[in-house]
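Structures are listed in the sections that come next.
Below, chain A partners chain B and then partners chain C, in two separate complexes.
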Partner chain A sequence: MLAVRHLHKSIERRPVLKDVSFELRPGMVAGLIGRNGAGKTTLLKTMAGIYDPDAGDVLLEGESVHRQPEIKREIVFLPDNPEALFGYTAEECARLYALIYPRFDRAAFDEMIRRFGLPANRKIRQLSRGMKMLASISLGIATRASYVLLDEPTNGIDPIAKQQVLTLLVEAVSEGMTLLIASHAMGDLERLSDMILMIRQGEVETREIADPARGEAVKLQVVFDGEAPAAWLASPQVIVLEHVGRVYTLLVSREDGDAKLEELRRMRPLVLEELPLGLEDLFVWKHGGRNDEDR
Partner chain B sequence: MRIDRALWKREYDQAKWLVWITPLAHFLALGGNRLNDWYLDRPENIQHRLARIHDHWQAYQYGDMELMARISLMTVLFVLALVQTGAERKNGGQEFLLSLPCSRTRIYWTKWLFGIGLLTGSLVLNTALDMAIVAGSPIAEYFRLWYHLDQFVFAWLSLAAVYSFFLFIGTISGSLASQAVFAVLAPVLPYLIAFLVRVAIAIHNDSVFRLPEADFILLFPVRYDYPEMLAAGPFPWIFMAAVFAVASVGGMIAYQRTRAENNGKLVVFPLWERILQAGFVFCSALVGGTFVYAFFNSSSVVLYYVGLVLGAAISAWVIRRLLRLRLKI
Partner chain C sequence: MRDAMIRIDEKSALPIYEQIVHRIKELISRGMLQPEEKMPSVRELAARLLVNPNTVAKAYQELERQGVIVSVRGKGVFVARPASSPGMLQERLSRLRADLGRLMVEAHHLGVSRTQIKDWVEEEIERYWRDGDAGGSSSSQVD
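Then we have the complex of A and B:
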């Protein structure tokens, strides 16, 4: 088990991680979501031992990643851009990784690059962004490390490459790897993940994917009878996700009880329909709608 | 161990061109020059040169070729240190290394050993070549084994110290650009500060100031010719050994505690940020005072203080801005 315990990290005197704790169980997929600059990359880099925590620790089977770096044979960090490998070909990368990770599966790596048509003898620098990510993820998976930390693996790549990346990730999970994926691709995370870690204002909240809102909010489609109630819509418990004509898609918080829902029912709207609440809705709700200050 | 092989491979991969350039540059400055003088030149020129030689000091040109070789090697080692530390902060190499399953101490010592190994290899190869060239040349009668060994040990110690110093600067600097600037400035800083302080004292004492000895420059033994080297006694050896030890261990400690999140800044440690800030303001104040005093024909000591305050104020503003920068190189 990979456990993050009371992690604190400040960068340029700004607290980025505040008392972050969670656990990754073997074989699970966890999605890490948060606004740009919320601290997702900082968390991954601290877990990978690139950054030192100000306080707290990252423990792999009870041993500190920072005090016993040798145990990182079981943890691979894949950045959003594998620029450290730009000077290597895929073939050379494989030779380097085979020296670093004792269980590196060369045959599996060769099979992956063959399947995705990656040129083995071209420098990584010369590949398209999608191919770079495929090469990087193939290397990560071929290490056969127990934990793979991925930073924005599908960011900026075309739909076909993205599908190939997701295929690789699904295969990795089926082989028992544990993945922690930082991404803004909520739909992909919803399909892949068992658990969601939401980072906001330096704190991480953990949610099971089966019930991300835990009944704390409800998503509704509403058509009001007559003029829309501006005061009700502006209340802090209500977030307007979409407004097309007279049709409103709303998120209503139930954290303070069902009072707002009761008020809505008493207005007798023409349509009041509950919709399934997805990860993106949860994200918008937790970040208070479109408030740019809230990171 | 396999991980050591990976670390060595990584160092070699990123600096392989320097592995070839180092012995070549060394050869061109030493053996190549000697070859030119005693084998490739026109026979009458060789005879003319030979006629003026009466002892081994003259035969070895007072160590001028070794001096040039040391300067060439120092330049190459400066670039190597930049590639190993400063450039890595920008190209993702450092983060890759820090994510690997090995200690930071091990990563640092691999880098350091790579540089020291390259220096040692180049010195062994080129000293052997140079000895062979001298032994087979018209100045063979002046061949002195101890001369070559002296030069070898002196070059090794002084350059190992300078390289360790460059690498240490790389472990505290946040970028390639700041590492290059600090590595060039730091060795002359004691000289500059001593000069400015002497100017300040002279202004107040109304006395004529003189320049301090250039030996305040940290890298001075590198530029010694052979007579200077012998005349200097044990001091340069002790000094270089001290720089070598302190810079090597200091680099290791700094690398262990490196703050990768500060990559791109002038320096990565808050403590060194404060030292840089204080040092920059102090030096700029002294420069400001000296400049204003000299500009107005040394008419009043008050002008010195006006310049001092102006220099301090402007530099405090400048350094505050510089410390906020994230450099692209």
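Then we have the complex of A and C:
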């Protein structure tokens, strides 16, 4: 188990992580979501031991990543742009990684680069964005480290490269690796994750993918009978996700009870239908609608 | 490839594991997966659908619990023979009957006409009972 305990981290005097605690169980896939600048990369780098925390710790089977550097071999961080590899060829990267990671699986790496047609003897810098990402993830998976932390693995790559990346990730989970994936691709996370970590204002909340809203909010499609009730729609428990013609798509928070839903039912809308509440809805709801800024 | 016919609909109200359960039952009903036929492994299906292997494993557990598939240690997962789990069969049949009732209530509430609903049911019958008999053995029919 990888346990994050009361982690605090400031970057340029701005507190980015404030008392963050959670655990990754072996074999699971966790998705990390949050606004740009919310601290996703800082969290991943602190977990991987690249940043030292101001307070708190990251423990692998009870041993501190920050006090025992050899533990870092079990936790691989894959950045959104693998700049550290740019000056090397895939072949050179593989030899370098084999020196660092004791279980580095050269045969598996060769198979992956052959499968994706990655040129072994060109510098990583010269590859397309998708190929760079595939090279970086292939290396990360071939380390056979227990935990792989990925920063936006599917961001900015074409649909075919994206499928290849997702294939690699699914295969890694089948091999028993544990993944933490920071991403804005909510659909990908819905397919891949067991659990969601949401980072907001320096704090991290944990949710199960099967029930991300935990019944704390409902998503509704509503057509009002006559004029739409402006005051009700403006109440803090209600978020208008979409408004097309007479059809409103709404999120209604139930955190303060069901009073708002009761009021809605009493208005006798022509249509009142519950919709499945997905990860994107959760994200919008938790960030207080579409106009909120983090920081 | 038959398992390529399982598709995940991201807009569906059903969770992914339930979609997999449903689609596999559908493939069996339509004869695209035959009794005692070998199923793709959890790993293979996860890689083809690009979903979390834990989710596929959960779907397989549910299918096994319902007697739709059986796993044989060391050999893999197979489509079950229809009557291999009679107790589960009764439970599924009574649940199916109740589901049909709920669908009718919904249809009636939406103002679907008697002819329309009959046409729809007939359409589905055409799809699955082409040879005039159910896909399973005689034991899977209601008395």
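Keep in mind that, in the parts below, the second predicted complex is superposed on the first by the 292 of 295 C-alpha atoms of A that agree within 3 Å, B and C clash if a C-alpha of one lies under 4 Å from a C-alpha of the other, contacts with A are read in each partner's own complex, and residues count from 1 in each chain.
We adopt the following convention: contacts are C-beta pairs under 8 Å (C-beta built on N, C-alpha and C of every residue); 3 or more make two chains touch, one makes a residue touch a chain.
Predicted, not measured: the structure shown is a model, and the values here were computed from it.
**Student:** Figure out whether A:G288 sits in contact with chain B (first) or chain C (second), or with both, or with neither.
**Tutor:** neither
**Student:** Of the partners chain B and chain C, which touch A:G156 in the superposed model: first, second, both, neither?
**Tutor:** neither
**Student:** Is A:G37 contacted by the first partner chain B, the second partner chain C, both or neither?
**Tutor:** neither
**Student:** Is A:P69 touching anything from chain B or chain C once the two structures are fitted on A? First, second, both or neither.
**Tutor:** Only chain B is touched by A:P69; chain C is not.
**Student:** When the two structures are overlaid on chain A, which partner does A:Y88 contact: first (chain B), second (chain C), both, or neither?
**Tutor:** first
**Student:** Just to be sure I read the superposition right, which of the two partners does A:A210 touch: chain B = first, chain C = second, or both, or neither?
**Tutor:** second
**Student:** Go through the superposed model and pick first if A:S193 touches only chain B, second if only chain C, both, or neither.
**Tutor:** second
**Student:** Using the superposition described at the top, list the residues of chain A that contact chain B and also contact chain C.
**Tutor:** Shared contact residues on chain A (touching chain B in one complex, chain C in the other): none at all.
**Student:** Which of the residues in chain A end up touching chain B in this complex?
**Tutor:** 11-12, 42, 45, 48-52, 69-73, 75-77, 79, 81-88, 92, 95-96, 99-102
**Student:** Using the touch definition from the top, list the residues of chain C that touch chain A in their complex.
**Tutor:** 8, 10, 12-13, 15-16, 42-43, 46-47, 49-55
**Student:** Which positions of chain A touch chain C when the two form their complex?
**Tutor:** 27-29, 163, 166-167, 170-171, 173-174, 187, 190-194, 210, 275-276
**Student:** Which residues of chain B touch chain A in the complex?
**Tutor:** 2-3, 5-6, 9-10, 13-14, 91-93, 95-96, 98-104, 257, 259-262
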